[in-house]
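Have a look at the structure below, then the notes.
Letters A, B, C and D mark the chains as written, and numbering starts fresh at 1 in each.
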């Protein structure tokens, strides 16, 4: 059983038809798992539904706390890409003996041509096989939380030494 | 570097507008990796482009042979789901010391709502982390080649003991 | 109020996940009208759900009969493209004083990149504005039933004199 | 031959992957016409690429002027929905003897599930069949420029007397 914590991010941005803006409503995770014909046993809980640029220290505490107290030892966190690495560091300082994989998307799932479905398949697979630790899974790759940064110009996650 | 061998299957079925039939043309793999924003280093080679129900013993020999002789020790094979397990057994009898992951799709990628993008993200991730052996990666799960069968009624891959 | 008669055709072909084949289930018309945010008042009736290559004389009689007896004077018929012109001729021999527009698709709606949504918007618009008569609406164009043929090589409907 | 003037609007909004915002780049019109398998002869010109809430009096003058001076007597204008009716009034005050159809979308085409493809098929069809005048074509319906308003709460165009 894998625990999935939803926090929002591009993954779950949707288009507000009346306002003509991007916004958040419900998570697309269950629909994405259905489209992917996923048979992985998951338990999904939405902790917040926000842009990761708006995420506060309290929000990160909430995420880390939920990783600590949940029963499952394998966890996927969906998260905006802009501050994913910061949240990973907070989780790493608090959680031990569990495999935590943060993932997200560059393109909203609602746009159809999303990288979200690819990343979700990837993150669930890494969560099943990686040793305890905190990781970022993006672009089909995985990085230890302290070995990665997001390149803001290209949108790509890069290894750092 | 992961070697990807393309053999066809539902993954790559396309719609023939003039004939009104499903058919095979070129593989969608590069486009799928682009949509998934994949940064995994891959080397793609199309071995055949067929429905796995039409796959012969010679075809399976070709696939196994290519797994043996290629330089890479981590390999993903895209394959029709109907005989994926048979091909996995042939590969397992011939290949040692390499991680080979077979994957496919229930819905053609060209239909948009495909499980292929999810499975591709999953298979590339399992190929990076699993110990040497031959595996089937479907529905977000992975199975050793001799521990799985496709349930023809539900379309789901199931563990066998 | 526009009457819509559904007869099947590529418009409504769907992918049978278990059999790996194209097949017919329910019509996609209501979903397409919803996606198109259509506010045209329509009354939809499915007469049959078949490939137009399998359509018999009896089937065409059924379609023409329904056009004759329905209350509405503006009618859209969704139809496979291969024999759309034959059916249009049968309708034209039987129906007077009504505007009947036949339309269809080259790509199944279920494939996402369909011409069906474009043709549906077009056919409903022509049905509101054209004088009584029987027409084929394809590729954004309209043709009188006796001034058109389908080019089987290109898949395009062409004017004939 | 139908002249198409592109002015932007939701129709052409795209997702800026790096900035995480909706923005404008090139028009999707040619791609939409290709997906719709349109065979209507069109000549496309992009006049501006803006949100219709940002449209100035000068911008509307530019649109009306282009409708006056172009050779074609049948014209489609793609436009944001919020001020489409205002622009229609300016065009109506300046253009005579031509059929001008304004259309737009509630959902960006780039989101896949767009009403844009439906509306484009509809607008091109109305442009071919309606008498000279200025019209708004939305939701499969057409309205004279002085007989319509957008309901900001529901996003739907409604007839007024």
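Some points to look at:
One rule holds in what follows: a residue touches a chain if its C-beta (ideal position, glycine included) is under 8 Å from a C-beta of that chain, and two chains touch if they have at least 3 such contacts.
Bear in mind that the values here come from a model prediction, so they are computed numbers and not experimental data.
In summary, the chains found to touch both subunit B and subunit D are A, C. Among the remaining chains, C is positioned farthest from subunit A, on the basis of C-alpha centroids. Averaged Cα coordinates give subunit A a centre that lies 45 Å from the centre of subunit C. If each chain is reduced to the centroid of its CA atoms, subunit C and subunit D end up 26 Å from each other. Taking each chain's centre as the average of its CA atoms, subunit A and subunit D sit 38 Å apart.
Shared interface positions of subunit A, i.e. residues touching 2 or more other chains, are given as 106-107, 112-113, 155. Under the contact rule stated at the top, the pairs of chains that touch are A-B, A-D, B-C, C-D. Residues of subunit D that touch subunit A in their complex: 10, 15, 17-18, 20-22, 51, 82, 106-108, 110-113, 152-155.
On the side of subunit A, the complex with subunit B involves touching residues 32-33, 35-40, 106-107, 112-115, 117-126, 128-130, 137-142, 155-157.
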